[in-house]
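Same chain, two partners: subunit A is paired with subunit B first, then with subunit C.
On to the complex of A and B.
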């Protein structure tokens, strides 16, 4: 951690970056995002098991971009989100310094995206046992049971859109959910609109999700909505050969195609 | 009691399936009148949300049809659509939406008789499944909530 603070201080002192985005102490023992501009304040940076937020979501915010070149404290999900954002041309790569953090919280120097790719490539990135078990459980249900399971979950939704705010890849300035001509998603938290919202959110993230799980973490109603995109990850990888967030110039599975994509349901 | 007559919405592309359906008519092939055809420039233009809206507004079944692979008027719209359908269909299945009610097909402008078969088979299939009450009932849950909130 001291190495990380030292590096952050160095970057700010030498004016190589305008802001360091990292985790700091929040209220009630929780961690929060901090935006450090003063080299003397780099002691604020912390890392512990409360630091679960995917900080990459701030990289596409105009308010943060205005602070100048950015350095970001990056755990594995943050690194992967950065690579998806880079693939989608959401920032200029020279404007970002990645301060890598291993899962144990050790500072990992990463010079450029190539180094990030290599670091991620050396890891065995898989879904957690818990998530995998949950997906298998849902897939083993009958159609009616699945419907009832999800309707019960969706009925809890209060349409706060915390899942959208938490996701580093949900960055559209004009979200379909705010469109009212036509009104795709009803404003009120009703049964139809809740389901439509969750299906739409999952479709817009499908093939891009880097399984940071922060959408479900942020959900105040504990809806396991991360499973909706997680369940597609393996299939998209196997069928279309794309695992999001492993390369800075990867192709988004749903904006590319192969002439021989396989399916069994089109007559 | 009269036989259940399903409501089917067909999202079709202008260049192949719509012309194919035209051919069905000019060839005087009879097919089920339960289908309402909506013409799109290309299958690539058919947003997945439109399918959800069709169910929400009372459709019991949906047909999505366009040019065969390699026949797209815009060269690649149907290839993009195919990937989208593969992913969308899996997602719907995962959340418990009955994907048997959505029939995807390729019908070219020369396949007037295939179009009649696609429609007739889909109507027969949906007739077996019955009205999609589970989905349409979601509209009523909203109303109940409004009433209970005064």
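On to the complex of A and C.
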């Protein structure tokens, strides 16, 4: 951590960045995002197992962008979110400084997106055992059981859209659910409205999800909605051999047409 | 109507039989139910569905009078025009909320002030009339509780028709607070027993006072342009979690949903924290960035409501802080306001 703090301080002192986005101490033992502008305050930066928020979401926030060039403390999911955002032309390498953090919390200097790609490429990126077990459990369910499982989970949804706000890849200024002429998705937080919203969200993130799991962390009703997009990671990998957030110039399976795409589903 | 409090005892075994009796009397019972790792309000089918292992439910009890979805009318469109059918709100079922914490019970006063301010909202008022609140004092609290900083306390009878406090022997001290509570007691007096001298104070949680709400209210006057709003809300991610779990947030949206020629008009929860909330048709948004929405949230509760409705828009339950994905902590932000210069 000291290396990271030192680097953050250096960047701010030399005016190479306007703000360092990182993790700081939150309330009641939680961690929270901090936005450091003052080089003398870089000792606020922390890292522990509570630092689960995907900070990459702040790279799209207007008020943060106004603070000048951004440096961001990047754990593996943050790095991967950055590469998806870069692939979608949200910014280029020179727009930000990536302060890498290994899973053990060690500072990893990363000069550009190429270095981020190389760092990630050397890792074996897999889901946690707990998430893998849950996905297998859901996949083993009959169609009816699976339907009932999700219906029960979605019945808790209050449509606060914390899942959307927490996701670094849900950065649209105007979401489909906010259109009412025509109304694509029922607005009410009832059985139909909740199911349509969660399916739509999952489909928009399909093949883009970088498994940070922050959507489920953010959900005040404890819906394990990350399992939907995690399942789609498997589907996309099996059908197209693609894993999101590993390259800064990826073409996503569901948004790019290729002449050799499988068309077996058409029959 | 507040009456002189009358005390009774509700034996622990009578508590369950009372709940089951209410259900068999066709009353709807809303109470804390365990659902996975969380405890939330739900309509129960039997007393055994209820749990007492909670500090606070995730959501507030406001849905009793202000449900997340309220059907206002249904309509059918045809070549000749539209036919509208109103919803009959005159035959709502009786609802009993059990286990509402004093902060939750108190939340109905703030909601009522909003819904009867310049126009008496018929639906809210009728739902509230049909609701009996059986509160439950708090024996435990956590870091996020601050009722004592906003005029409440863990054994407050405000807002409850009957307030229960679990005593050392496991039985409940029942304080009959309102006329509605008296009527309830008269109908179910067989479940209650006379109470001797019982002091509940030693059974209550110790909720430390974090700030003086009167000072906050007077300080906020003239604080509109402060930079503190942007500083505090930089990490706010702009979801509606705080508003939807809040016992006093009353904003709503009206949406039509139709399938072919038939449709319904719905009143749905909305939040001033969402960017769409103030977006005009022209594309202009008077609250363009999150800091302006955060300012609105705080000023509405701690300045506009006390000023216009003579009631604070916060009961100190701390649900917003617990639910916040970005750790926006209301106690910290309000305390911090007291330290900043205008």
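By our rule, the second predicted complex is superposed on the first by the 257 of 267 C-alpha atoms of A that agree within 3 Å, B and C clash if a C-alpha of one lies under 4 Å from a C-alpha of the other, contacts with A are read in each partner's own complex, and residues count from 1 in each chain.
In this section, contacts are C-beta pairs under 8 Å (C-beta built on N, C-alpha and C of every residue); 3 or more make two chains touch, one makes a residue touch a chain.
Predicted, not measured: the structure shown is a model, and the values here were computed from it.
J.: For A:202 in the superposed arrangement: first (subunit B), second (subunit C), both or neither?
T.: A:202 sits against subunit B, while subunit C stays out of touch.
J.: Pick one for A:52: touches subunit B only (first), subunit C only (second), both, or neither.
T.: neither
J.: Per the contact definition in the header, classify A:134: touching subunit B only (first), subunit C only (second), both, or neither.
T.: A:134 contacts neither subunit B nor subunit C.
J.: Which partner, once the models are overlaid, touches more of subunit A's residues, subunit C or subunit B?
T.: Of subunit B and subunit C, more residues of subunit A lie in contact with B.
J.: Which of the two partners, first being subunit B and second being subunit C, lies in contact with A:265: first, second, both, or neither?
T.: first
J.: Is A:148 contacted by the first partner subunit B, the second partner subunit C, both or neither?
T.: After superposing on A, A:148 lies in contact with subunit B but is clear of subunit C.
J.: Can A:220 be said to touch subunit B (first), subunit C (second), both, or neither?
T.: A:220 contacts subunit C only, not subunit B.
J.: Quick one: classify A:190 as touching subunit B (first), subunit C (second), both or neither.
T.: Touch partners of A:190: subunit B and subunit C.
J.: Please write out, lowest number first, the residues of subunit A touched by both subunit B and subunit C across the two complexes.
T.: Residues 186, 188, 190, which sit in both footprints.
J.: With touch defined as at the start, can you tell me which subunit A residues reach subunit B in the complex?
T.: It is residues 138-139, 143-151, 155, 176, 184, 186, 188, 190-193, 195-196, 198-200, 202-203, 206-207, 227-228, 231-232, 235-236, 239-240, 253-259, 261, 263, 265-267 of subunit A that touch subunit B.
J.: Using the touch rule from the top, collect the residues of subunit C that touch subunit A in their complex.
T.: 35-38, 40, 58-59, 68-69, 142-144, 230, 234-235, 237-241, 243-245, 253, 255-257, 266, 268-269, 271, 274, 276, 289-291, 321-323, 325-327, 329, 331-332
J.: Per the contact definition, I'd like the list of subunit B residues that touch subunit A in the complex.
T.: Against subunit A, subunit B makes touches at 48-49, 52-53, 56, 69-70, 76, 79-80, 82-99, 103-106, 118, 134, 138-139, 141-142, 145.
J.: Which stretch or stretches of subunit A touch subunit C in the complex?
T.: Listed in rising order, the residues are 26-28, 30-35, 53, 57-58, 61-64, 156, 158-162, 164-166, 178, 180, 183, 186-190, 214, 217-218, 220-222.
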